[in-house]
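Structures incoming, each one as structure tokens.
After this come two complexes, each holding chain A, first together with chain B and then together with chain C.
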Partner chain A sequence: MTAQGTHGDATPLLRVDDLRISVPGREGPLEVVHGLSFAVDVGRTLGIVGESGSGKSMTSLAVMSLLPPGAAASGSVRLRTQEHPGGEELLSGGTARLRALRGDRMAMVFQDPLSCLNPYYRVGVQIAEAHRAHRGSTRRQARTLAVDVLGRVGIPRPHQRVDDHPYQFSGGMRQRIMIAMALVCEPDLLIADEPTTALDVTVQAQILALLSDLQREFGTGMIYITHDLAVVSQVAEEILVLRGGHPVEHGTAEQIFSDPQQDYTRELLDAVPRIDDPVPARGGTR
Partner chain B sequence: MTLYLLRRSGAGVLVLFGITLLTFVVFFALSPDPAVTICGKTCTPERIETIRGVLGLDQPFLVQYGDFLRGLFVGRSFGVGENAVQCAAPCLGFSFQTNQPVLQMIAARIPQTVTVAVGAAVLWLLVGVSGGLLGAIKRGTVWDRAAMLTALGGISLPNYFLALLLQYVLVVRLQVLPFPDSSIGLTEDPGGWFGSYLMPWAVLAFGYASLYLRLTRDTVLDTLSENYVRTGRAKGLPRGLLLRRYALRPSMVPVVTLFGMDFAGLLAGALITETVFGINGVGKLAADSITTNDQPVIMAVTLLAALLVVVGNIAVDVFYTLLDPRVRVSQ
Partner chain C sequence: MSALLQVEHLVKEFPVSGQGLRRQTLRAVDDVSFSVSPGETVAVVGESGSGKSTSARLAVRLLDVTSGTVRYAGEDITGLSGRRLNRFRGGVQVVFQDPYSSLNPKHTVHEVVTAPLRYQGRSPGRGSRALVGDLLERVGLDPSAMDRYPSQFSGGQAQRIGIARALAVDPQILVCDEAVSALDVSVQAQVLTLLAGLQQERGLGFLFIAHDLAVVRQIADTVLVMQHGKVVERGSRDQVFHDPQQDYTRTLLDAVPRINPEWEARRRAGRPTVSGAGVRREPSAGSTAELPAEPTERTSR
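Then we have the complex of A and B:
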């Protein structure tokens, strides 16, 4: 396996160079991400792995230009778009342009689907609103589309459930709805920030399978953010390991799993329970 | 939902009964003999006795209260024989001062009070909610601080003082507004009507608007830190839509709750405003009847105020289910 078009002449879908993020601290700006570089190409998945506070979520928010107030990013984040085949810089992008790209060309799925869905609106409205805003579809068109997308992400009886509110769905179903919302405009880039962390293992497997299927169907480039190497091994071809905002290791999934170069990666790998592990002597590790 | 409404209405009726009983007790125990007041200065003990007989004031407390309730539901008559005066249900009695039927007196004044109340409510909702939203978005800027300071003033300034101040400055000194005249109808002279009610609206609305501004600002600020707002931004929604669906709509629940209560309790505010501006509404009627100890009128106004509060509370609960879909399950 070669390194996914990050080398050579072709412009990758997303190219991030020397990304640095600082947040306001007690004694001036505090740098929390120290010079990250990576690229994502069409139909490929980059897994960003790290523990809490490693800067993985800040990185994804920076790509979407959704950093919290006060936080600042420097370096370069370039997205290849129809208008700019050579990639356009997002960090210096205007508000209107960024708004036009968000939800249309790049979309995001968040960790906790209940708190990330607006409790006051029907899921159909929430799925359709991005399409209406970006493509100017009518209410009726958008609703038909919402039913269609709900069906694709595996919601049973979508023509009925489209009028339900988020609280009427289970956790796994809510995450499917989040995915439907993100995919409604068929974006080029999808960022999934711990999309399965709040779900139980069976549902987690279903969501991962769904994401892979949809990615094959639409050719979406994906950044999959997680603390769980077991999960990322199922979806990503390329992996970036972060620790304290520094890139620790970066390579293909094969390289990292078969021959980790850094102690930290080895520790992370050892933390993953394996089915062929010997049974612990005293009633489990919990 | 129907069952719920029936239960709430039943409880409301009980509350209203309680209030009539309480008001009755207060008058029976505390107030000076109305017969003496009615009789006037040149009065004989015989005449006082006659009046008491006609009004039923010589009866024991429970009989009097029973007569009042009977009048409310089936009508009653005052006095006996050919001099008896009929009073059809719902009978609220006759004013001790003017001898007019109380129901008519109130009905004649309701339009003015409704005009004052609704106009003020529209004004304070508009100013309070939009100002609060603006303050939340422009948090920490000069605009936010100016709005908050004005709101503090609005909360601290008693409205009778503000009423007099406005009247002195706008009517007496600058003469930009006419003195309010509540007899001008909307259809005859829209400009004069508007000019007449402008000050009462502003005075009544100012305090409430301040309260709603602060409430809206704080609630919107809370809402903006919700995770789903970030989802909305990640969708690249236009700013107006984002604010409406993701900030304003979720913030409306506490505002509507407060509004239901405030609007129902507005009669108390109308009392001062109407008196200061000489508007012939229910509030002024209440103030006048209290000064002259006109028991049937006070009784009726109290009942009306209580009815508004009860209905307002039920309306808020119904509105909840429209505003927050999650409430609908637990009915």
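Then we have the complex of A and C:
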């Protein structure tokens, strides 16, 4: 789109403008996301933070055009693609086109890997599925690729594990498999929705390191959705704080964490328990 | 001073596969001992599968031990049943992680909160509405909540209902099994403050099971670190956090995500950012200008 003025900047990978989402309510549609605008560039990470009900997950589903039935989005979600270097509109995109983009140019990692993996299929088949669908690779090519990706996300002995089923992996390993599935086509945009929330801290640290390595390698643009401010401070260069579907504050990570402008952001930051802060002595025991 | 709840050499094995002589077992809890005194908070931390929750369940007799003893107020309650077990349950109550699945959705809050009394065979009788109203107020809820159902409350409110229920029998020990893990940080802070207040007010002893070390550090007197069913380190809070003796404890502490300390210091000092003070509309190239003009006014929602 040439008409879209981006103040001289190249078109960002993803540009969201005035996104509004409504869900069916008792008295007609109920707006739950009230006009969000943001952009994500190649190799950059936007962190979207907020508490439950802030609209962060609905926002990510809307970007993927995966909103639940009945929910409707308005505004603009534009993804820069090879075919449309100026960005193509996803909200009005046809089903076939969206299917072609999802899993290929944009992919998503969810919080709970067990409910996202099919327990009946070997993980290799599930990882390669997107590649077979989008790139038409043969079964053998797909398998080779699955082994390769499994290795890259840090699964030991990938050539053996490729034939295992999801239940044979630990929670952290399953999340790696989800990431492998999302990355198999080397997408331009990755949306990670609370990808480490269900994991132990040591595993979380590994997954965060993995995501940043992969991002560096592939130049993936990422949206990282979380309620965890300490995590988002580590992964995102830019942060959008949401509350009740409204944008509260938007800035670089440094701005948000070192100089928050809004009371709500300050309250959130104050509420985070910190591992290094001085804490009052516990003298109260009898 | 003296321990109220005391567990010694707890072992719990679960059958994994096989039968008879080929039976394989998994030792989920392996020789765990600890004690909780009135007014004291003992925290058990560890990763998934470390046996921390199983240990707590053994200590409150929600699971039966394979070996070891559980003592409450000097009495061995390991093999108790019936009325005497109920009496123990009057002294030790549990708050669970997921308030929705631990509160009966078909019962009103009044029924939920008075259920432990009914199990104890203590009829709250006529005063029950006053009692429930009082308990709800104590956990920061409006007494009118008692005629509603758990699903009508937010997660934080529902967790308060769970705490009110635990307090109904006037226990001496409260076991919190990941009681604040599912809550938003602001709500989590409120519930922790509530728990600390209750402890001061009534001298409650807490057994606090959690994976979140930053939370534990705020509230614990004594910390046990578990791994693979065993206690690998124990000590006072400050010992464990400031001078951990085991590599595993250090690994756990190092893995906790932290906010850049320099940013934190600057925020606390209230100094503006180096680059463009007050300019908050240009996060990065490509995403300028289109932000709503006044996100500010919306914060008052």
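Assume the second predicted complex is superposed on the first by the 271 of 286 C-alpha atoms of A that agree within 3 Å, B and C clash if a C-alpha of one lies under 4 Å from a C-alpha of the other, contacts with A are read in each partner's own complex, and residues count from 1 in each chain.
One rule holds in what follows: contacts are C-beta pairs under 8 Å (C-beta built on N, C-alpha and C of every residue); 3 or more make two chains touch, one makes a residue touch a chain.
None of these values were measured; they are calculated from a predicted model.
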item	value
Partners on chain A (chain B, chain C) - clash or fit	fit
Which of chain B and chain C A:G124 touches, first, second, both or neither	neither
Larger contact residue set on chain A - chain B or chain C	C
Chain B versus chain C as contact partner of A:G47, first or second or both or neither	neither
Partner chain in contact with A:G55 - chain B first, chain C second, else both or neither	neither
Chain A as apex of chain B and chain C, Cα-centre angle in degrees (nearest 10)	80
Chain B versus chain C as contact partner of A:G221, first or second or both or neither	neither
Partner chain(s) touched by A:R243 [first = chain B, second = chain C, both, neither]	second
Partner chain in contact with A:H134 - chain B first, chain C second, else both or neither	first
Which of chain B and chain C A:P187 touches, first, second, both or neither	neither
Chain C versus chain B - closest C-alpha approach in the superposed model, Å	7
On chain A, the residue positions that both chain B and chain C contact, one per complex	none
In the complex, chain B residues that touch chain A	226-228, 230-239, 241, 245-246, 249-250, 323-326, 329
Chain A residues touching chain C - in the complex, by the definition given at the top	6-7, 9-12, 15, 17-18, 34-35, 37-41, 44, 51-52, 171, 200-205, 208, 227-231, 233-234, 237-239, 243-244, 246-255, 257-264, 267-269, 271-276, 279, 282, 284-286
Residue ranges of chain C in contact with chain A within the complex	1, 37-41, 47-48, 155, 184-189, 199-200, 203, 211-215, 217-218, 220-221, 237, 241, 251-253, 255-264, 266-267, 271-273, 275, 277-278, 280-281, 283-292, 295-296, 298-299, 301
Complex contact set, residues of chain A against chain B	64, 66, 98-104, 107-108, 110, 112, 115-121, 129-130, 133-134, 165, 167, 178, 181
